[in-house]
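Naming follows writing order (A, B, C and D), and every chain is counted from residue 1.
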Amino acid sequence: MELAEFKKYEDEVIRLRRDFHMHPELGFEENRTSGIVRDYLNDLGIETRVMAKTGVVGEINNGGNKRIAIRADMDALPINEENDVPYRSIYPGKMHACGHDAHTAMLLVTAKILSRMEFEGNIRFIFQPAEEGLNGARKMVEEGAIDGVDSIFGLHVWANLPSGNIAISSGPVLANVDLFRVVIEGKGGHGASPHETMDPIVASSYIISSLQSIVSRNVDPMKSAVITVGKINGGTAFNIIPEEVEFEGTVRTFDEDVHNLIENRIKELIDNEARAFGAKGKIEYRHLNYATVNDERLAIIGRKVAVRIMNVVEQEPDMGGEDFSEYARIIPGLFAFLGTRNEGKGIIYPHHNPRFNVDESALIYGVAFEVNMAIELLKN
Amino acid sequence: MELAEFKKYEDEVIRLRRDFHMHPELGFEENRTSGIVRDYLNDLGIETRVMAKTGVVGEINNGGNKRIAIRADMDALPINEENDVPYRSIYPGKMHACGHDAHTAMLLVTAKILSRMEFEGNIRFIFQPAEEGLNGARKMVEEGAIDGVDSIFGLHVWANLPSGNIAISSGPVLANVDLFRVVIEGKGGHGASPHETMDPIVASSYIISSLQSIVSRNVDPMKSAVITVGKINGGTAFNIIPEEVEFEGTVRTFDEDVHNLIENRIKELIDNEARAFGAKGKIEYRHLNYATVNDERLAIIGRKVAVRIMNVVEQEPDMGGEDFSEYARIIPGLFAFLGTRNEGKGIIYPHHNPRFNVDESALIYGVAFEVNMAIELLKN
Amino acid sequence: MELAEFKKYEDEVIRLRRDFHMHPELGFEENRTSGIVRDYLNDLGIETRVMAKTGVVGEINNGGNKRIAIRADMDALPINEENDVPYRSIYPGKMHACGHDAHTAMLLVTAKILSRMEFEGNIRFIFQPAEEGLNGARKMVEEGAIDGVDSIFGLHVWANLPSGNIAISSGPVLANVDLFRVVIEGKGGHGASPHETMDPIVASSYIISSLQSIVSRNVDPMKSAVITVGKINGGTAFNIIPEEVEFEGTVRTFDEDVHNLIENRIKELIDNEARAFGAKGKIEYRHLNYATVNDERLAIIGRKVAVRIMNVVEQEPDMGGEDFSEYARIIPGLFAFLGTRNEGKGIIYPHHNPRFNVDESALIYGVAFEVNMAIELLKN
Amino acid sequence: MELAEFKKYEDEVIRLRRDFHMHPELGFEENRTSGIVRDYLNDLGIETRVMAKTGVVGEINNGGNKRIAIRADMDALPINEENDVPYRSIYPGKMHACGHDAHTAMLLVTAKILSRMEFEGNIRFIFQPAEEGLNGARKMVEEGAIDGVDSIFGLHVWANLPSGNIAISSGPVLANVDLFRVVIEGKGGHGASPHETMDPIVASSYIISSLQSIVSRNVDPMKSAVITVGKINGGTAFNIIPEEVEFEGTVRTFDEDVHNLIENRIKELIDNEARAFGAKGKIEYRHLNYATVNDERLAIIGRKVAVRIMNVVEQEPDMGGEDFSEYARIIPGLFAFLGTRNEGKGIIYPHHNPRFNVDESALIYGVAFEVNMAIELLKN
């Protein structure tokens, strides 16, 4: 289908997006959004299943052996919107600051258009909850969201890429994400008597300093890795040595060997260095997201489809993470980045920023890509 | 006066102490306590002045040139009492966990006894507010509490010293206390992109590690010093690098050169080390209490007086602090420590502990010391 | 020319290599080697120029506008050879432990073969001194070694790659190399009186710890960088605090922005952190080698030529450095890696190891590549 | 005996001192010095025993039950003298830079004077070797040097105290001295490939930083302690990560609990922190000298004796060490400090300095103190 034919759906995709934007819902609480999605699909004659609490899956079945899936995520963030727009979030402290409103709107319109087209094959629409830190995708997979699916793709609006562009690469595009929580247990007491205590603030300081040596010395310099401690808390008064200090952080990697190396080194370092100070280092280390690795064949098809509609660029791997990886590690997947930056319109703020926005003129391009990609995939 | 004669006042001092204990009031809020003190002194025929918001000063004037002062503090702490006693604090979250209830009770009874005795000279009774971190003593001095006074003494009940003992030493007994608050200002951002930020958690960790070198390398090993960071806070999420980290601490010293050295070194170290990381180190450094230094002559007199009543021991200097120093740096002062520990009665918990208590049988010894010391001082 | 035709030169290239191997000469002292090279070229009827002290440049001029160059390096290392071979180094403490003996031998035989062939164009043979840490290449360039040359290539024998393989990639293959020397000036004194000194060992320890944060926090995790401190020295006795500590290190990068960032951060960090300790940080920072970046067109031609003779593989960028980059930053260049590992023959030791060796059966492949590549380049 | 009577021996004590000064001998090599001592005592009719290789013990026996001892040490230091005096050391690289020449000279003249006096009791003269780091005193004790002795005293010339003064205190005057040697074993390799190594320079830096926390956090701030790392060595080239780093240091304490605490903490910290980096920390920890603690009774007698000859001052405890402690931990001992500083004569350099010297006019005061103290001790 040519781009011009999509234009008549532009108003609808924007209207849908603004409605979702005004009513942001946090992960696993997307009840309103989820209800709208279900009704919309049902109205198109697409049967739906609810899974993972607030997730919705629908499917167009036009015979044949092939089954592909398109995925959108629906959750918002605990951020207070600072944009002054008519469709501003009406819920204080909640905001679609990552563009999932646009993802959901585009996929609904994509479903409508596909439901009116003729083709052989089966197309599944996956509307998942809770992408932000809660790994809704894993739950969807566990409950069968991609059972029987041959390949999957999805779009993410992208604040660093100007409207009119789409970034499609094969191989890793988003990183492995781990979370760690550390408690350094010392022994509290009066700040004037350090010798009767085991100072966990001092121990934590040396430990966080030492953690820097993992990236600087243990990781192959040709490979990428990040260890960030994002939060530290300890103590209640200037003159009391606390019982313990808590800190939390994240690890980002692409390479699985580096991933394992860092997990082991962090545990080894914290355990032994805490002992070095006579303290106890307790660590909880959790894997959050796998690296998102695009299938080479799908990337080639994606670029071929996209180039007829938009400018196509390469996507440098980014240390951010995505639970789209939950699908893409099981079946071939493609995660593409739709440019929605528009400096002329002042749409320049990064994801997760209270002033984040998307250039809505890009949305119909996203729809066009989804529709054509789905058709093309069923042919290949 | 012999010890036996004091015994008839024992019930009263305990009753007063229990009343204060049940009604603890924080610094500069000692309205009930202050009112009781004023009425009690007025009933004895002692005129009073209110100063420093809730402080009370009274004076017995029996002619002559000499004027000495006795000091008690009245404030409680923001601690929830865990003792199961009939006179337990009735105010949740407030407790006399440092024994100021006892100090006030003893000095009231001391005033009563002295008001019935005959002697030449003038005795001032100073009931000060807000000893705990608020330096009520400085305010009292500024408002004239020790104007015209030749010398001053005070007692502190002491959880480390068994009942029946009093510790009296000349020279420094309690330390200089400083407070510092540091903000390390970096640049926040996504935890996956440290290179776009200036990580203040990492900078703070290196800085707190480096602070250890001040005591270990810059301070004369024959002199005493403590630098404690008691509190650190930074960041709100595991995957976001925060804008800044805040930490607070205390410095304890006896020697004025060491005191100045440490203040200068902390400032120099934080300023320059923050720069080393491309961050900005902001420091607020405040002097809280001077070291409490006992006058040698007063200590000799005190020991002579005390030995007739109790066992007298030496007091090793302690890194704790006291605003009694505000008086003792202007006029000769003596700060003595009255043993109130009693293992048999389970009175073993340290000051500022929710189970702190005092062996009330020691209180009348305190009264006896105060009365006899006052008389003796007027003779010398 | 087919591989079989080269075989008759195999004995000669091995004989030459062994002679150079037995007589290793350090950078800018390659007098014997240089003399042999000059005589050899002159015997072929190739005129030579001496430059950069011990460098030799010769050229075959067969008309036409094109002029290409082939480069070999001649210097040995200050290492004591531990190989037990008939052609072992006869100079104690000197050894061809990086394979420059093979480079020189191959290029001589290459010159001989080319001098007997017919072709249009001009081929320059560059035998440079002092590749190891002394940047002989820069001197050669300054003295005109590549004036008028259109493109250049060179080979390096490679201990990680089995014989029969050649690695050819476009883009960066070897890193930017910097050297830094730091002196932390404190104040010495008796180990029992740290307060009368400014301990440079403690300051240096905190500084080297802090340096780790540059790679872990300041460098884009998608980019490669290494900061290594390889040497530290301070103090003469267990109980004396020394005046100063000296340490040296190297920085490896590919990206010029990262290169500049690290230089600036190291200087900023050392200067300010030394101040934080009341010390003085003096740093000498020198650029040694540029990154070696292969020209894409040359890499394509190289792979086409090589594939007819050997197995061709990709070369992952390596954090090692080369002064071949001095040529390749001015004119298009190709630096290829000739496999000389042979586990069967026990030739498994890394470069710069006292047991390093090369599988001599690979040398004639190197000659064949050089000859064919030269002819091919003149055609393109 | 009055001071005037000693004056006639002044030339002799200076002549002896200069002779020893010109002929300095290192620990356990004091053959010439030892021979002179032996002959000198024998000439006085005092029988001698040689022990601890080069030590000499003689005794005057005048009956009675009492036996006291006086001790001098005889060894020089491996320092090249920079004084321009007629009696300058004739042995390059050896020098009496701690005043043991004066100690030996004074005790010889003391023996001569005492041998001519009448008194009841027995006086032993102990001339020990190897005080500097070799603990000659321990060997002397093991071989019976103080068997049967009731009490012992000794003098040390003191560069911080002006001539005419003597410092005598009871309790600890010089510190416990320990030595530690640490090897951090990592894994060496190319500076460009840190991930294939275990960098011992980085591990050592973090470890030495962490060591600062022992004095700053684990030691009672009212007690004295020093941990100094005086020497660090690792690596041979800027671009090679070494196999290991070695560092050495000293620990100074007075309190035995603090002494044990520090030894345990250093071992615990180095062992565990090396593990934290995947390295191995090997530590050799040796006790060198006990704290020198003066007996209270002897100090009182000493001050009574000294005050008739010189100005007597208090000696603040010093973190330096002495093997006189080997005697004083077994029998009551007194170690006094004889002022030999003279700014007018330019005698201002500290002990162990190549320009150290002693004001010789003080030596006869030292003799007077030794003689009178010996006589007084025998009476008490």
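One rule holds for everything that comes next: contacts are C-beta pairs under 8 Å (C-beta built on N, C-alpha and C of every residue); 3 or more make two chains touch, one makes a residue touch a chain.
Since we're looking at a predicted model, the values are computed, not measured.
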Fewest hops from chain A to chain C - one hop per pair of touching chains: 1
Pair exhibiting more inter-chain C-beta contacts, A-D or B-D: A-D
Distance-maximising chain from chain C - centres being C-alpha averages: B
Chain A-chain B separation of Cα centroids, rounded to whole Å: 55
Rounded Å distance between chain A and chain D, as computed from the means of their C-alpha atoms: 69
Centre distance in Å when chain B and chain D are each reduced to the mean of their C-alpha atoms: 44
Numbers and ranges of chain A residues touching at least 2 other chains: 192-194, 199, 202, 206, 209-210, 212-213, 216-217, 221, 226, 252, 319
Touching residues on chain A, where the partner in the complex is chain B: 133, 175, 177, 179-181, 190-194, 199, 201-202, 204-209, 212, 226, 228-242, 245, 247-250, 252, 318-321, 350, 352
Interfacial residue positions of chain D with respect to chain A in the complex: 192-195, 197, 199, 202, 206, 209-210, 213, 216-221, 265, 268-273, 275-278
Footprint of chain A on chain C - complex, ascending: 209-217, 221-222, 224-227, 252, 316-317, 319
